[in-house]
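Sharing a structure, written as structure tokens. Questions coming.
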Amino acid sequence: MSGSTFGTLFRVTNFGESHGPAIGCVIDGCPPGMELSEADIQPELDRRRPGTSRHVTQRNEADAVEILSGVYEGKTTGTPIALLIRNTDQRSKDYGNILQTFRPGHADYTYWHKYGIRDPRGGGRSSARLTAPTVAAGAVARKWLQQKFGTTFVGHMTQLGEIAVPFESLEHIPNNPFFAANATDIPRLEAYMDELRKAGDSCGARIDVAARNVPAGLGEPLYDRLDADIAHAMMGLNAVKGVEIGAGFASIAQRGTVHGDELSPEGFRSNNAGGVLGGISTGQDITVSIAIKPTSSIRSPRQSIDLQGQPATVETFGRHDPCVGIRATPIAEALLALVLMDHALRHRAQCGDVRVEPGPIPGQA
Amino acid sequence: MSGSTFGTLFRVTNFGESHGPAIGCVIDGCPPGMELSEADIQPELDRRRPGTSRHVTQRNEADAVEILSGVYEGKTTGTPIALLIRNTDQRSKDYGNILQTFRPGHADYTYWHKYGIRDPRGGGRSSARLTAPTVAAGAVARKWLQQKFGTTFVGHMTQLGEIAVPFESLEHIPNNPFFAANATDIPRLEAYMDELRKAGDSCGARIDVAARNVPAGLGEPLYDRLDADIAHAMMGLNAVKGVEIGAGFASIAQRGTVHGDELSPEGFRSNNAGGVLGGISTGQDITVSIAIKPTSSIRSPRQSIDLQGQPATVETFGRHDPCVGIRATPIAEALLALVLMDHALRHRAQCGDVRVEPGPIPGQA
Amino acid sequence: MSGSTFGTLFRVTNFGESHGPAIGCVIDGCPPGMELSEADIQPELDRRRPGTSRHVTQRNEADAVEILSGVYEGKTTGTPIALLIRNTDQRSKDYGNILQTFRPGHADYTYWHKYGIRDPRGGGRSSARLTAPTVAAGAVARKWLQQKFGTTFVGHMTQLGEIAVPFESLEHIPNNPFFAANATDIPRLEAYMDELRKAGDSCGARIDVAARNVPAGLGEPLYDRLDADIAHAMMGLNAVKGVEIGAGFASIAQRGTVHGDELSPEGFRSNNAGGVLGGISTGQDITVSIAIKPTSSIRSPRQSIDLQGQPATVETFGRHDPCVGIRATPIAEALLALVLMDHALRHRAQCGDVRVEPGPIPGQA
Amino acid sequence: MSGSTFGTLFRVTNFGESHGPAIGCVIDGCPPGMELSEADIQPELDRRRPGTSRHVTQRNEADAVEILSGVYEGKTTGTPIALLIRNTDQRSKDYGNILQTFRPGHADYTYWHKYGIRDPRGGGRSSARLTAPTVAAGAVARKWLQQKFGTTFVGHMTQLGEIAVPFESLEHIPNNPFFAANATDIPRLEAYMDELRKAGDSCGARIDVAARNVPAGLGEPLYDRLDADIAHAMMGLNAVKGVEIGAGFASIAQRGTVHGDELSPEGFRSNNAGGVLGGISTGQDITVSIAIKPTSSIRSPRQSIDLQGQPATVETFGRHDPCVGIRATPIAEALLALVLMDHALRHRAQCGDVRVEPGPIPGQA
């Protein structure tokens, strides 16, 4: 059972390969009556787009999105919204050498084992290029959540390889190629990346992402808790190896007297929970942190095997991001938005519309 | 849309409250023809059972499981397997005080906000007691995976509060109350727990869990990657705040030349991937690590609010685990088994039976 | 992928075998805050119950339902509602002869082919006894729909074998063993059934079922139209071979000028549509008609084969309904209620709460 | 929860509006390694295509399909197959008048009630044009089923309005504009249609469709029986008001001694079951019959209301099929193929690959 649909009620079905004719997605379940055009989606795609600095892949894709359905006279109609992005800068010759060998750290080996066939052009289906439709769908979710609840999303890089990136201000994020909330350390990060690139190597990154103005009550225990679905979304993003909510791994060494967030009439006094208790949103910020592994496509020669199981040396040329984490921030924001959107609809299916205003809670039906 | 079903093809629907008449689950999709009786399930429930040492809740529950359906003359028939566990040691009077206040770190606040009604007896639906049916279903999955692929599961505690628990031998795990792969440090851990209990406080834990003899090819990109579904399962376990696969957060600071696991004709040379590449199993061990927060139910007084939003002090009496992580090991194993079971069925739906033997891979249909 | 769950948002997972320890279901997704007790469910089970007249099976089952979860202090909590019905009058010795042969018209042959194993006691999973949990879940749906929209359900038998049963009044339905809206013809129907029973034969039936006070707007094109889901529900009921909505097969010979229901300011002028246009409810009565085949379990000898494929003669003794259609009416009502309930929740997930009052329709979001 | 996805494991997500830029679908779950190109799909679209005779709409659409993904070097890769059909002959001016009124028998009223907004151009989402992607997806399913089991599909019209169309030979089907298995009566049918068109009226039709060489064992009780899912598919086709399997409504008046199909060592002796017993395929032909209502878009004036609820007279001009049943045959075949495809994958998920060869049945696991 193939898993190319994200979400249960706000459902995003993704299609495409890195070097096929097109990529895209179909969003089924978007509420009707919301104003929507390509102008709502394109800016998010542009944030994720390759070729925007020397620290990311030089593939040059406009990533222009076309809305094929689901919108009439500028408003969503409640029918599926199909989004199409034509691929325009495929250079498949760059990848010819990977047909006969398995690149370490890549999906080559597992796709081959699973399907008995794989599209090797640009990584085929396993390429991070397939996050573009996710970002496009996320833009639709963000708009609805913003209008309905005032929810906003903001992510930034907090570590690049060994270098921690201190928080200075959210305003810096759009002004550097790293999505860093920092201005002081940018030259150091750039030098670090330049050195890596020269060495034919790569590094990982940590991204923090948060949602603000999230209504309380989202999440569907026993199993589809909000944090569980966030973890599913984030761990499903290419190259992610770890996910934390709130205090995350630091909570192991915390005492109960410290970790449990106390309440006052003004609200919670801390947020170790990361905005989720018992799998349901508290109304606080949702805070998530993810670990992204170093890019597997590097120029340095690595040992591997070929299709016959014989030893082979692999060097990956072509255009690759030396740190895939750099472009991950808008994708992580989109994924968080998609999870919250799905849960907003799930909530109102069973319990009716989310109460935005706090206060005495009447019995429901 | 309520989320009490785990899995898509091997589907476990969980029901019950901590102090209601019974808890249990219905497993839909189990392959027919497998020998199954309560004797396959009860031992796993016994590992999770409360009251087995002074370091866990003193609630005394036999957790005796009854198979209500889906088995005929000792074999599964392919029809739903209903598992019933009667609650026998409820003492609801212990919990009367929590009706009017929200305990910090608890699901009280969010269930109230979500549903407008909550069953306060023993935490109701949010109680960790509801992991028992998950463990029972996991035992069924474990048996099938063991018979089909020889897959086994083993978890152990690797950190208790501030104390790292060094690995000594897997043989020690069943011989101490902590599921520690260690004999030397047990007295120190016991002293630590005794002190915590006296202080009316609690601590977190880290659990590592692994699956061995996992066939290559399990996982359903783009979104339902194996690692994504593992993260969903683990983050959905009560009190979990972080999940890592393979090198996890350490991979941030690794270089690509280090992280990407090289291959040789004999197999992979390392396992930073944790057995998953591109969201699909490699055939190596699946390795997962989870962070469990300190128990929220502690005797020490905490500040909170009541139903009217007024300040209130909360002290939680009753029978609680001072470290919920202690009993988490068999649950984490069960969850990992459920994910692999579901993906084994998903795989064969689309691609036919998993190839257990490696070797040249023919085209599929 | 086993199919024992009915519905997508109001999800009923059915379990059990005819002669196992128990049958039942888990309802996941019921809105919180509704008053509910066994007294809401038992009367519907009693309508379906065997042994109530000489024209149905003499199996004597109390079919007493127990609510195991999901209700606290008499109200639904939004968590799964598990319903348990213990089997109490199994006589498995009656069925020993069917182990080695396949009864014509029965599921013996197909269960054997599908699963390679089958529980032959009382038809096992394929027994119509498994409609009891469906009826129980339907009672929960009926209550919610009644309270929310005033929706009611009424079914009656309109044909018994070759005999058409003229409509006289709905008031007659509870006063005869056939669920006939008729008083005049009951003696004739009883004589017909007595004769059939003596002849060791069986007959079919037609059941009409309607829902009233259905809000407009329920149904989810493109594929999950309301009529499509009604057809799925009805054709999935044991022994059903045909389903009609509105004018049904008669619409083939109707002209467009006749069939298309005209509107006036007072509403629709006819209901050939059966309350569904474009797969969405119109607000008119939903009208459905189903064809039920004659019972396959009959005393008359039939030709068949045994497990080795050799010729065998089969005579079915034991306790069977000579017309399974007789008890189908409350089941068909329950199924229609479950479909509408599911669609009411599906509708509000995407579009917000159903507008009960007609009138000018504002844009939605 | 929007319902634009068909199937559970072979999942077809449909998008588009009659007069939008494009229509299409994404197929998720197709087994890898099957040869596939547009040439496998286009012939089925051509059978459904408008403008092929004077008895169907004169809209002139090439309906040229483009495969956007999921195929590499002529073979399916196991990743989603996106199919795109550009709309090329929209004439939206034809439909301007329906913006302010509700056409009797149409989805105008219900879409408006449900979504609060509708795309009126060509019927928008409710247009039968949206069956084209279903047919395209069906062609993929047909190819796989043909290769795997030798399964074939054949449908034909058996009644046009009041006129029964006697069966003569399947060879006639492609040689007349009605998909009739008949040569003798074609002139009479043509005259009947010409008369209807002149009268500004329309009529219904009955279509019979069958699948041959279906393996035994497909179908997922308790609820997702094969016949239930067939009924869902067929009743979900535009304008269908009734569905029968096997003997259908005629089984009401049959005796059990007649209806239940006897078995012999050579196989079943009759097929009143229509190839399904207990919701599972028997290996016999699956036989289905559907009732299609007369087209609602007719030139004759009808009474209705406008958006303000005031009386209005509606005459529908534009290009419409006077009998939508005429083009329904290839669609019904495609739907039956999609159901069987989905169930073939569902079966092997739980039970392993379908046994094609009959014979002694080993226990499964």
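Labels A, B, C and D are assigned to the chains in the order they are written; within every chain, residues are numbered from 1.
In the analysis below, contacts are C-beta pairs under 8 Å (C-beta built on N, C-alpha and C of every residue); 3 or more make two chains touch, one makes a residue touch a chain.
Worth saying up front: this structure is predicted, and the values here are computed from it rather than measured.
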Most remote chain, CA-based centroid, reference being chain C: A
Selected pair, greater C-beta contact count between A-C and A-D: A-D
Gap in Å, rounded to a whole number, between the CA centres of chain C and chain A: 45
Intercentroid distance (Cα basis), chain D paired with chain C, Å: 26
Geometric centre distance via CA averages, chain D-chain A, whole Å: 38
Touching two or more other chains - residue numbers and ranges from chain D: 1-2, 4-5, 8-9, 14, 29-30, 32-33, 75, 78-79, 114-117, 125, 221-222, 345-346, 349-351, 363-364
Contact footprint of chain D on chain B as seen in their complex: 1, 9, 29-34, 75, 78-79, 144, 147-148, 221-222, 345-346, 348-353, 363-365
Sites on chain B touched by chain A in the complex: 1-6, 8-9, 14, 102-107, 109-117, 125-126, 130, 159, 161-162, 196, 201-206, 216-225, 227-236, 238, 240-265, 269, 272-274, 276-283, 291-296, 298, 300, 302-305, 307-311, 325, 345-347, 349-351, 355, 360-364
Chain D - residues contacting chain A, complex: 1-2, 4-5, 8-9, 11, 13-17, 20-24, 26, 28-30, 32-33, 66, 68-70, 72, 75, 77-82, 84, 114-119, 121, 124-125, 345, 349
